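Paired with chain B in one complex and with chain C in the other, chain A is shared by the two complexes that follow.
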Partner chain A sequence: MEKFSLGSENLDLRKRIAELEKELAGYRSGAHTASNGADAAHPQSSDDSSEAPASSVQDDDDARPVKLDLDEFRRYGRQMIMTEVGLDGQLQLKRSKVLLIGAGGLGCPAAAYLAGAGIGTIGIVDHDLVEPSNLHRQIMHAVDRIGTPKVTSIITSLNNINPYPRYVAHNYALSAENAIDTLDRYDLVLDCTDSPQTRYMISDACVLLGKPLVSASALRSDGQLVVLNNPPGEGPCYRCVFPRPPPPESVLSCGEGGVLGPVVGAMGVLMATEALKVLLAKADRKRRRKPAHLAVAENSKATAASDEKDTHAQDVKMKGKKEEGAEERKFYMTIYSAFSDTPFKTIRMFGKRKTCQACSPGATITKESMKNGSLDYVAFCGGRGAGKYPALTKDEVIEVQEYQKLREKNEGGVLIDVRDDVQYGMCSLENSINVPLATILTLPIAAAGEGRNDEAEEAKAVPIPSWLPRDTSTPIYFICRLGNDSRLAVQRLKRSGLVRGNAIKDVNGGLWEWSRKVDKSFPIY
Partner chain B sequence: MAAGTIPITVELSGGLEILFNNVRKFDVELPATTADGSASNIDYLVKFLCDNKMTDPRRELFELNNTVRPGILVLINEADWELEGEGEYKLQPKDQILFISTLHGG
Partner chain C sequence: MRPEASRVWGSRPSHENEIWGSQEYTMATNDTFTVLYFAAASTYTGKSSDVVPGPMPVSKLFGYLEGKYPGIRKKVLSSCALAVNLTYVDLVEDADKDIENGDEVGIIPPVSSG
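Coming up: the complex of A and B.
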């Protein structure tokens, strides 16, 4: 009995599937010519760690036939029934190839939503490994994948969300030399990186290749989002918005400045939305089937219009309107400031710059200059933080183990921790005192010529801060998180001329080294 | 300070507030004219903020070559300052000036 009913149910289901498939075939032929050319329905991913095989991403062809299977209808139905998407939109997404550069705090949420939305090909560039400090915000990585490449980790998670897209792993660092070849195979690029030099580099490559670029960034509780080179050749590029790079000492990474997970997450999610908007704008709405009553109305309207003699004038009028609209195109940046009373702001940007080095008619940046490495993005951005911190002499530095020995003998002198009060409150060495670097930088600078009396007297007039030793024999040691700011402090205190005779030294490598080499129970963060 | 001043609102974002004792938004009574008698513009506001409001000693993190340093966007009433004449823009009462540091983290 049971067997029999199951069997008949099975039969019914088969019938129903056949019906649906027939219906679907009709639907498809309405939207696109039915063709089985592309079999993108099979879950797959490919590794492009070395040079990419030419076949890994197919030729650009927006009219390339793609189709959806029944599972995909069910999977994407919730977004397909939106007027902004529709079958044409969904097919366009499936046809699209999107490259995410960076699988971190921005890349993780952006990739998750793009994979979920059914983008046909998703490439990810990253050369880093998953670290425990990533996990508070990089939601596609996991505890059991710490130490593994981020690209493979993120693709594992993306496959769990949606096995349909084709995932391409680019397990290398993007460089000026490989940027053109890497980006060329995609329709749209998302800049999820974390340094000014990569941002200029990616923007330049997108301009040269005519690809729209969705760019976002985040630090602490702030985020910024902008769509660049969109449409290609019309919208401003990163250089139009920021023609000159910031001084390196003003650039902070998430590791240095900190970042709130949901803040960078929100920016990544917004990037995915903008990416979908750019891709959906290319969908062929004209092929969307009209409801019967509208289709008739439109037909008769068309006949009526063709009867009118005035169509030309109307066309001209329409054209004029369009051009006017194009001229008035405005460009915006969205900024998010999580702790502000009005956290979201949209600001109007200047737009394309007539003197832009990358995207104006007089541009000097070319594919060749990128590929042959003659463009030095690191130098353009003022070096890789070199020069940000002073080099000290041997006498000005003490190794952590050596300093520990001095402490054991009660010869540790004054230990000044120059981190800010928040970090000092998290963990600190016993008997250290906290004087943040910002305070040390307010010390006066001693006059250069010592012989000149008036200036020497001026220097004397400055009160000596309470935290400095009064005698001239107690050594002064500076420490910080990683051993950079403490070097600045050594240099700055010496220049102040407030200390006469005392040794002033930097504890090399800071608390990081202390934890590694002296006291493993001291927290690393 | 009422006569001869322009009341404006200054807002800081993208981490610049750290240079101003973590205050994100404040009102300023800006002298209507500079020392040489010309009307106060954005460049003058930048100098004024460095002299009067900034608490961090690293002036170069806000001002460079007598204007705002590269990497800071200036918005005059929510529009890019380049739409308004950049540093030359003459401040009007009730203007909202927003300084945003470019972020690079991700």
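Coming up: the complex of A and C.
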């Protein structure tokens, strides 16, 4: 009896252990969360967000157990009840670590929606400070945070939206040397930067690390959106789409070219959507239910087919599967032209470029070549605007205060403002005339001895533009917004050979310097 | 010195530069195809589209546009992606492919700002 009793107790204990193990497995898969809602899972503090690239993100397993507390159920309920999300999707988002590079016009809206959606860890890279000119589009920054680092400003706002995610501040500029280490600890990267060199660099790093990349951009009223290296190793990279960088003199920042707030905002919001799509695709699809009426229809169809001929049903099924598989391998780029009647266009892309330097079998770019700095992205993109603006001699430049003195003595000569007519219409100096740089660049170029004859003849045939002084004593001064285009104008007018004798000078630093040093009431924009 | 103390910025009448209606709409005919300009390509040409006599091999298009807009090849087209009927076209691999009449060609310069 004694023995038997012990044996049955043993059995009971084994049963209990099996039960507990099952429960534990449930916790691990995250499916057993509802009963744990009462656990005081406090939002993770962002105090520990570090500026150092190392050890700021946990290197934990992708499949680590996560659970939702009651507040999170209420918070995420609206998206969780969607078939595309569900509990598994939400847990997947919470497990995910997303890096946003850039806390500007794209990064702000993208981060806001990703934080709201409950991404577990959100890292943000930016080395800039908040400026007043950011606020019309960079919606996570605020007036009282002007002059503070963008990363701390954006994290302040994100915490107000959702305190649950862990926010990691990377308050430094991304470089080829630190890109691999910075990106490595995240699952997905969003390129919210503003220059060609960072776009190629981030794309290369994502290819090398096998991370999907959501890339978008905006300027003026145009935007582009593309998901790259997705799935990793299959999808095209930035180099596949744009193998040749744009010439540096044609690259405009939002500060130079302008941008409409909601245009860049729309691209940022679309980035967040694409990021959620990439992350949710990782959640277990099998658990996703079909709508009941479709499930029934399919079942009856399958039964009917199997009644007739098993092989036929198999064929249909196989065909369906094949098509689904093929669909997954399609890649698209969305382009947005806000002022067009049909603002959105989606271009179908092909996979990787066979000759791609970064992602083809013959790729030459390696982690080592990135880390040791032997890859020069600035040089690849044609230099840092080097040669974009000519260097002038001392005689070709006049300081703003000096020029103001000449104006007071009525010796200001002809002041030519080379900004475009829109900017000239915003504000201009008295007695200045507006000849946009684009017009000046169309002037003929004087044939200099070795020039071909027909060119020289052409130059002779061009009449002298009405805005040039007819006498040879009136000096000509060029001014623009920041003092760069005016230098081009000086150089270009000299090359035209249309001016003989007149002094041609650049007002150094342009209207920006004018406003700072001569007339503080003149707008800076 | 303040040239004009009572100056109010923004009160100046704006120039008649119609950014809202700057797009030119042109109809393609039976022996033409349409070229759509995006971003910097639209800025350079000053329009959103052109009608071009076709058919024309892909490799000839940039030369044709250079003739129409001198300088565009170096300043804009050199880095552009090209799409024919919303499908990406590789400038090297698809160089001999014909752009047919009625096609819609997109000139897509990389936008890198943000």
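Here is the rule we go by: the second predicted complex is superposed on the first by the 415 of 525 C-alpha atoms of A that agree within 3 Å, B and C clash if a C-alpha of one lies under 4 Å from a C-alpha of the other, contacts with A are read in each partner's own complex, and residues count from 1 in each chain.
Everything that follows uses one rule, which is that contacts are C-beta pairs under 8 Å (C-beta built on N, C-alpha and C of every residue); 3 or more make two chains touch, one makes a residue touch a chain.
This one's a predicted model, so the numbers in the text were calculated from it and none came from an experiment.
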Next item on the list: Put chain B and chain C onto chain A via the superposition and say whether they clash or fit.
Entry: clash
Next item on the list: In the overlay, answer first, second, both or neither for which of chain B and chain C A:K345 touches.
Entry: both
Check: If you stack the two complexes on chain A, which partner ends up touching A:D519: first (chain B), second (chain C), both, or neither?
Finding: second
Check: Is A:L415 touching the first partner chain B, the second partner chain C, both, or neither of them?
Finding: neither
Next item on the list: Could you tell me if A:L213 is touching chain B, chain C, both of them or neither one (first, second, both, neither)?
Entry: neither
Next item on the list: Applying the touch criterion given at the start, work out whether A:Q404 contacts chain B, chain C, both or neither, answering first, second, both or neither.
Entry: second
Next item on the list: Once the structures are superposed on A, label A:G104 by its partner contacts, choosing first (chain B), second (chain C), both or neither.
Entry: both
Notebook entry, point to check: Now for A:G425: first (chain B), second (chain C), both, or neither, which partner does it touch?
Noted result: second
Next item on the list: Check chain A for residues that touch chain B in one structure and chain C in the other, and list them.
Entry: 102, 104-106, 192-196, 199, 216-220, 222-224, 241-242, 244-247, 249-254, 257, 259, 264, 267, 333, 335, 337, 339-340, 345-350
Checklist line | Contacting residues of chain B [partner chain A, same complex] | finding: 13-15, 24-25, 56-58, 60-61, 64, 69-73, 75, 78-80, 82-83, 98, 100-106
Notebook entry, point to check: For the complex, which residues does chain A have touching chain B?
Noted result: 102, 104-107, 191-196, 199, 216-220, 222-224, 241-247, 249-254, 257, 259, 264, 267, 333, 335, 337, 339-340, 345-350, 438, 441-442
Notebook entry, point to check: Which residues of chain A touch chain C in the complex?
Noted result: 102, 104-106, 192-196, 199, 216-220, 222-224, 241-242, 244-247, 249-254, 257, 259, 264, 267, 333, 335, 337, 339-340, 345-350, 353, 404, 408, 421-422, 424-427, 429-430, 518-519, 521, 523
Notebook entry, point to check: What does chain C use to touch chain A in their complex?
Noted result: 1-5, 7, 9-10, 12-15, 17, 19-20, 22-23, 38-40, 42-43, 48, 74-76, 78-79, 81, 83, 86-88, 90, 106, 108-114
